[in-house]
Structures are given as C-alpha cells and as structure tokens.
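A, B, C and D are the chain letters, set down in written order, and residue numbers restart from 1 in every chain.
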Amino acid sequence: MSSPTLDDRRFVLSLGTPDRTGIVAAISTFLADAGASIVEAAYHADTAGGWFFTRQAVSAASLPIGLDELRRRFEPVAAELGPGTEWRLEDSTDRKRVVLLVSREGHCLHDLLGRAASGDLPMDICAVVGNHPDLETVTTRHDVPFHYVPFPKDPAERGPAFEEVRRLVDVHDPHAVVLARFMQVLPAELCEHWAGRAINIHHSFLPSFVGARPYHQAFSRGVKLIGATCHYVTAELDAGPIIEQDVIRVDHTDEVPDMVRRGRDIEKLVLARGLRWHLEDRVLVHGRKTVVFD
Amino acid sequence: MSSPTLDDRRFVLSLGTPDRTGIVAAISTFLADAGASIVEAAYHADTAGGWFFTRQAVSAASLPIGLDELRRRFEPVAAELGPGTEWRLEDSTDRKRVVLLVSREGHCLHDLLGRAASGDLPMDICAVVGNHPDLETVTTRHDVPFHYVPFPKDPAERGPAFEEVRRLVDVHDPHAVVLARFMQVLPAELCEHWAGRAINIHHSFLPSFVGARPYHQAFSRGVKLIGATCHYVTAELDAGPIIEQDVIRVDHTDEVPDMVRRGRDIEKLVLARGLRWHLEDRVLVHGRKTVVFD
Amino acid sequence: MSSPTLDDRRFVLSLGTPDRTGIVAAISTFLADAGASIVEAAYHADTAGGWFFTRQAVSAASLPIGLDELRRRFEPVAAELGPGTEWRLEDSTDRKRVVLLVSREGHCLHDLLGRAASGDLPMDICAVVGNHPDLETVTTRHDVPFHYVPFPKDPAERGPAFEEVRRLVDVHDPHAVVLARFMQVLPAELCEHWAGRAINIHHSFLPSFVGARPYHQAFSRGVKLIGATCHYVTAELDAGPIIEQDVIRVDHTDEVPDMVRRGRDIEKLVLARGLRWHLEDRVLVHGRKTVVFD
Amino acid sequence: MSSPTLDDRRFVLSLGTPDRTGIVAAISTFLADAGASIVEAAYHADTAGGWFFTRQAVSAASLPIGLDELRRRFEPVAAELGPGTEWRLEDSTDRKRVVLLVSREGHCLHDLLGRAASGDLPMDICAVVGNHPDLETVTTRHDVPFHYVPFPKDPAERGPAFEEVRRLVDVHDPHAVVLARFMQVLPAELCEHWAGRAINIHHSFLPSFVGARPYHQAFSRGVKLIGATCHYVTAELDAGPIIEQDVIRVDHTDEVPDMVRRGRDIEKLVLARGLRWHLEDRVLVHGRKTVVFD
C-alpha cells in the first residue's frame, strides 16, 4: 500500500472483465510496449463468477506519454477483452472531490477534516451537508462550506429536502458522497443516482444489527465484539457491497453509552480506510461484493 | 488470569445476587475473618438489571480450614444476601469432568485432546461421543473412550439416538458437555437437562449467519471478517448466552474452502478460551447474557 | 468501562498499599458504612511484589456526604493500611486540565482537539506548546492558546527553551502533560518534575526500536507488525512505565512512508486510550510497571 | 489464499529477479502462449532494492503439458531476465517433507501433528527429533518416528549431538526443518547447511526480547502485548528473515506462567501460518527480509 505524492506520481489502471486466458499478457505487453514501469500490480480471478480483476500502478515518470494518450491507446486493448469490460485509468496525484453528509455525531467528520487538512487522504472536501446545524462550526473553521438542510418529521414529506441535498452535492460532481453518520435513509432514486460513489459507515459488524440503534441491539444480545462496516449505499438498507469492516472487544462492563463511545474509534478508522481505498481506485465492485486491492 | 496448579491451590467463590449496598463488605469481611488471603477478585454491578456478580479466589494455604467448612460457614452469609442469590465455592485444583460430542470435523477435538494431555486445561476428557465413526482413532490413541452413535437420516426418528447420547454423557456427571463441531441440533429437552453445562462452538460471529453453512453465507455476503462464537446451548438455535467470540480477516481471494480452513484456527481458539473460563468458574450467566471474569 | 457524565457522577478511589489480609474488608466496610453504592470495583494483588491495588467507583448520589468529607473520613482508614500507602479520591465529573507539547506532526493533536471538542475525553486542553509553529492554526481555531517556543539547533543550548516550556505548562497546574509527537527529549529534571503526569506516545512497539526513526528501523528489520506505545516519561529514554500498546499489520508492500501514514492511526488511538485511563484515574504506577483498571 | 487439493491442482511459479520493464509481460506472455489459465498472481517491486518478485499459480488442468515440460520451456525465459534471477516451478499437490526438532514443550508439536493428520497442511512429517524424550509418546501415536538425541550439558561438547541431528534430518531431504520450540541454538554451520529451509518459532515479538526467557523479559518490562515470531534460522541468533508475527493482549494480572500458557496459543498459530506459506511457496527471501504472497 502506498500513498500518492507529487514525487511519486502514478497512473493507475483498474479493470474488470470476463475471465479468459491471456488477459494479463495483453495488458502487461501493452504497458511494456508503452515503456511503463509497473510499481504495484494485483490480480484476482473470481473463478466461480468467471470474472477477472486487476489494478496496476505504473510510474508516470517512466512513460514518454501523458494520461490522455495512454487512455487513448488502451481503448483498443480493452475493446479486445470483450463485452462487460469496465476500466479506469487515473492519475494518482489528482485530488478527488468529496462531499460529506452528516447529522449530529461529529467524530467521523472531525476525523475526515483532520485527514484532509494534513494531506493524509488525497481529497478535497468540497462541502458538508447536514440535516442538523450542530456541526457547522467545526466545518467552517476548516474553511469548508456547510449547508444546513432541515428535514421534516414526517418521512413522507422529505422529498424536497432530499432534492436540496442532491442539488448541493451534485454541483461538485464528487468522486465520493460520504454518509459520515448521516442518520437519514436515502431514497432508492438517490442510491441509484450515486451508485458506486455513495459510501456509508454503519455502526455494526454487518449483517448483524441492520437498521436502527445497533449498539442497543448488540448490548441486548450480549456480543463480545462490536464493529463497524463501510459499504456502498444501495436501495436495500445496509446491504450494499462491503468495502471494509473491523471490530473491537467489549465485555460485560460495557453498557450502551460505553459501546457508543468506544465504537466511535472503530467507526472513524473503518470509514477512513474504506474511503482511502475508494479514492485510490483500489475497490472494484462486482454484483453485491467488492474486490479490494489494498 | 492464572492457571491453577498444585503449588497454587485456590478456593474460588463465584456469586450472583440482587444488588444492594454492603455486599462486598459482607463477603470480604467474611473472608478476612476466616483469614483468607484474596489472590484475585472481580466485581460487576449490572445497574440496569439490578444484579451483582463477584468472583473471588483465595489462597487455600492461607486458610486454617478446608473447602467444606468454608462452604458451611458461608451459607448464612449467602442467605443474608436475599432471594435469588446463587453461589459456588470450588477448589481450583479439582479437575473437571468433560464429555465431548463430535461429528466429522476433527480440529476442535484434536486441540482439546492435546490441551488435556499437556495439562493446559484443568479437565479430564471422560469420553467422546460421535454421530460418525471418523474420529474414533485419534480419540482412542489418547486413551479416551469413543462411542459411536449413528443417527437416522429422518430427524423424526432421532429420539433414541439422543437418548443414547444422553445416557453416555450422564454416566460421567460432567461439568461440561462440549459440542465440538457436533452437527446435530439438540432437542429442547436435552438443552434444558444440560442447561449451563452444554457449550457449543458456532462457526460464525453470531448473531450473523445463524444455522447451517455459515461460511457459505459469509462468502455470499462478502464480509471482510469471519468469526466464531462459543456459547451455552439453549433451546433457541444459536441464541444462547455468548461466552466468547473472535474474528479473523478474510478478503476477496478467500473462497468458501479457504474460509473453512482458516476458520478452523479461530474456532478452536475461541472454544478453548470459552471452555477454560467455564471450567475455572469465571462465567456467570444471567438471563441470556454472561459476565466473564477473565 | 463507563464515561462519567453529570447524570452519572461518581467518586473514584484509587489506592496502592502493601498487601495483607483484610484490605478489601476494611475499604468495603468503610464504603458500606458511608452508604456508598459501588458501581465499579477492581482489585489486583501483585503477589511477587507484595503490593495491593484497587480502584472503586461509587455513585455520588448514593452518599449523604460530599467528596471532601468522604476524603476526611477515609484518612484514618488509609493510615491503618501501613506505610507506603498511596491513594486518591476524585470526582469523575471534574474536568482535568491538560497541556499538549507538539512539534510538526499534527495527527495526535487533531485527534485530541476533536475529542475535547466533542466531550469524548473528560478534559480541558488549556494550552498547546510547540517547538515549531506549524500547528498554530489548527490549535487556535479550536480556541486553544498556542505557544511557539523555538529550540536552538545545539542541544547544549536548549536549557532556556525547556525552562520556557516548563513555565508555560506549569501555569496551568495540569493533571497531564501530553507529548503528542513532541520530538525533543525532555531533560531528566523535567521528567522528575512532571513524574506521573508526563505522557508520551512513541511510534513503535517498545522495547523494540527505542529512540529515533523507529519506522525506519522497523522497515529495515522486516517486521510484520508495527506498533505504538503510550507511556509515562522518565529520565531513561522510552523506558518509562507502559500504559497502553497496540499494533497493526504491515507487509512487504509497505515502505517507510506507508508505515508512517498507517502508524498515525494506531498512534492516535493508543495515545487517546492511555490518556483516557490516566484522566479517569485508572492507572496506578508501581516501580516501572503499571496496573490499568480499564 | 487457497489450499491445494487434488481437484484443484496448480503449478506454482515463484521468482525473484532484478527489476526492469517488461518482466510481467515476458512471464505472462509465456504462460498465455502455453495456454495456462492464471488462478492466482501476485507481484512486488522492491523499488529501493531494485528487485522484482512474483508468484503465479496456474491451473494444471488448463495446460496440455506437464510440470517438467513447463519447467524446460521456462528456462530460456528466466535466462533472459538476467543474472541473480531465482525461480521455482512446483506442483501444488506434491506433499512436502518436513522434519520437526523439539525439546520438552509439546504444544507446537501437537498442533502440527494434528494438522498433518487432518490434511490441513500439505506435508508429511517424516520424523521428529528431540533432545529430550518427553514427546516420544505423542509422536509415535501418530505413527511418526521419534529420535531421541541427548545433548551434553557442556555446550562445547554438543558437536556430535548436532551431527547426529543433522544425519537424522538429512536422510529425509526435507523441504522444511521446523524448530518447534527446540531449545538449542543451532551451530552456524547447520544454519548455513539448512539455509532457507530451517524455520524457528520464537516466543516474542522480535526484535524485542531476543534470546532466553522472553516471557520473563516481557513481564519485567510490563508490556501490554506479547507475541511470537516465525523466522528463517540464520547464524545470528533470532535475527533471520521474519515470515510471520502476531501478538495477544496481556495485562497486569498476567504473571509469567500466564504469559507462558497464553503465549502457547499464539506460538502455534504463528508457526502454522508461517510454515503453510513456506510449504506453498509463498515466501521469497531477499537479504534479511521476506516477501510473503499470502
């Protein structure tokens, strides 16, 4: 795993395609012919699903051509790989645009603002949208615009609020829409619209404790570990492709408020890891599962 | 945490009682009056449930009296604590009797036989009962009797087989009946009969993936961690009080057979830890949850 | 483990004393006589060292008297316990005063400022002192004063700078002086002056990789885990009593910059955990080791 | 990660070579031309050291030729890669020969015998050599020959004993010589003779606590985690290339015997993981470090 820096510029190819013999040869011969020095490479063949995934990072300095030209030349190679092939070629030094959705809990927001400020994640936080005003101060102190969109009590009347959120997000054409403890369920239409870009952190080890108040559920069941799950948002609640999960140990002395407090640390770590992999083009989605080349 | 040895004999009091002021004072004054040197002590007040739990280990050598006399003298102290109080006073050097139930998967059996042989767990394995004959050789090589009880295909006809298992187990009056990857669901009546003594290892991080083929369920869902759960058996499938859980990381390269193989390591560790705590009187059950003084 | 809140005010007794029979009885009888309801209690007997440690939290609401009176009444009980006994009685709702020392790396500072702002740790950050000016902006944005104390290149001439740091710290009479990636070695005299209050985060799993550039050392050795250690500062470099440690997995793909980046997450978590335990009076130091009642 | 089975036969190429452009293209074109379907592939470029590593597993069933022919055809490809190139081509269904060296502690031996018996590791344990007779019974019960080689007290007189061990090992021409808690330091000459094949489990998180009695050292230092390290044996004590490490949490209640007991679980797991990777040709050594394609 490596963090992109200006001294260390890479072009990153990520690709999913129907599996057959010769894919690696085709891609690596293309890269070798272009003079590219491969710095990082990973492959995965999903034998059951008949699908092949790869991510390759080449040193930009090793190439006599730029990203656009490399993309242009790769097009016929990809076309040969057959129908269903999906690929991207990205510059690791391009900072990604991110919009955050929040409610009242600020730990994930604090953490992401700190990471953006210190250059720990390759992103610009373009805006924060909250359905409560609580997190405005911390956001604006980081020179990030905060938009407060109040949500009506009645779920049936929330359509216009979601429309407003959508407008505030889409103006930035973001690479990622992060639900950083945003406590509203996105309508199916928005899930579809942001498919592959909307990332949620759920405060349980899914599929345990789907839905509301997972720490209460965990306490009631008497589990010995609590967890957090970072996943892409889909129309089915808490059922989208999982990017990352982790857990911490609890015991009989931990009541719900203790779980809430201790869970914050694992939530923010899991979200930051999942978001990093997304921003670094390390996550390939196939069906309801992910391949993560970390 | 300490392992009892002959050089290090302890009397262990474990107790659950309705919470009120003065319980610790009553117990510790009793022990001090008896001259007992407390080597290990733990307390827990379940404030929501209004229940108090404690485990105290005293040096046997510090006492002028034996275990029976200590028990006799403690009776009036416990009686003062009010209705519902449950307590035990045990000698840490008494080896506990254990019977194992198995099917075909041998990793937990191998591990427990090895631990018994090397004195790692304070137990004698009195017998192993299997509904398949596969694990007879490894069992008898450790000089432990193996009983093969074939189970009919039709669940409706399994009553006599369970009766036979019950008989083979109960003859040893065991402190623990361990379902070491025993692939039959115990009838409610047996769960009741062995309540607080029957311990199962389930190969998932419960409450995720209850029931059959949890690794297949985990693979299908695309989770990033797989786990194991050691719990007391109750009539509701995989829903008994949890003693211990742990997880290991998996990724997109792990197919079901990899999960099965890698899961074996976590299953045997979690079972061994949970069983140790049970045998060392570190687990107090209250409702559907446990207090574990590890 | 529980976080103190105003609804949940506790008086916390922590005590270390020469071990002998009857200590628990003496303390618990005292508390019961005062009418105190014990919410959390932990004991530890260091049999080799002949020392006994306890921490007991009682519900303030259960007591008819205040903290000062409780302290006054406990004095004769403690006096009975013999020479060398050390104890504190604290109010869990008192916020502790903390001063942070920093250099250029901001991740621990960001994390602690965020935790203070959101009430996650029971502390007020009174001031931040830096030997570089880099972290002034983030500090003052949180309305915390920042003091820049430049340090001369020549170690022999740093005395006045350390004097200035000492003055800036001591004006707050802090409960904790946190070296949040402060890259200067404290002089022995300051270590002594802040003994039991100065807390450092070292970016290795001590005792591996003492001193400078531990990630470079780790990379060179080819270890498969990197870690962080939170410890009290003593005159011997990186050798003070350890409060908390943790590790994360690395592999052959992680070069030094990757370790630095990934290590930041474990450093800030380990420091936050260790600091919490210190602030909640959960850490008792004895010799070069700690007892942590977490 | 996948376990080789007869249904799932693979030819595994592992290779280290000076880094330059076109290596992947050369290898993957070769494999594609041979008709090989790549099931698993991993690459690593050590940019600082200028070395390139790869491991590729191809489905044997996808090839019209056998392993010997594949090796023969690969020779000129490897020759092209330049001086210093090292490679192996192995059949994943070939069971590897392993000899174990032991002393008195049996937990690693028990674990490896169990894994061999249940097919969990792709190995045949040809023999066990002990410098104490304690573990003869458990070994022979698994139908494995045990050789007792007594060692003289005086280190200066141990030469003949080591000669005897060497003879008993070499007769099997083993793929791995596992020091499964063997408490004798191998002479430099034997380290050299078995270079790349002798694997040790050390009961600490190296480089902490090199040499004797690491748990005593850990207890004395007051660390909060203890660990185990699986590494190749070299002439410098406990300094060979590390294959795998892991840790478990301890606290102030764990005295040396507790660490010894709890450490056993992590020792046997770490050894089993490291040995698996060695046997599956997943470990490439370069200098004093390893690349592990797990």
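One rule holds in what follows: a contact is a pair of C-beta atoms (placed from the backbone, for glycine too) under 8 Å apart; a residue touches a chain by one contact, two chains touch by 3 or more.
Only a predicted model underlies this, so the values are computations on that prediction, with no experimental measurement involved.
The chain pair with more C-beta contacts between its two chains, of A-B and A-D, is A-B. In terms of the distance between Cα centroids, subunit D is separated most widely from C.
Rounded to whole angstrom units, the spacing between the C-alpha centres of subunit A and subunit D is 37.
Between subunit A and subunit B the centroid-to-centroid distance comes to 41 Å (mean Cα coordinates, whole Å).
Counting only residues that touch two or more partner chains, subunit C has 40, 47, 253, 255. Those residues of subunit B that touch subunit C in the complex are listed here as 21-22, 24-26, 28-29, 31-33, 35-43, 45, 47, 62. By the touch criterion stated above, subunit D contacts subunit B in their complex at residues 1-3, 5, 40, 106-107, 110-111, 114, 117-118, 120, 138, 141-142, 253-255, 257-258, 261-262, 264-265, 269, 272. The touching residues of subunit A, when paired with subunit B in their complex, are 44, 46-48, 53, 205-209, 221-225, 227, 241-247, 251-253, 255, 288-292.
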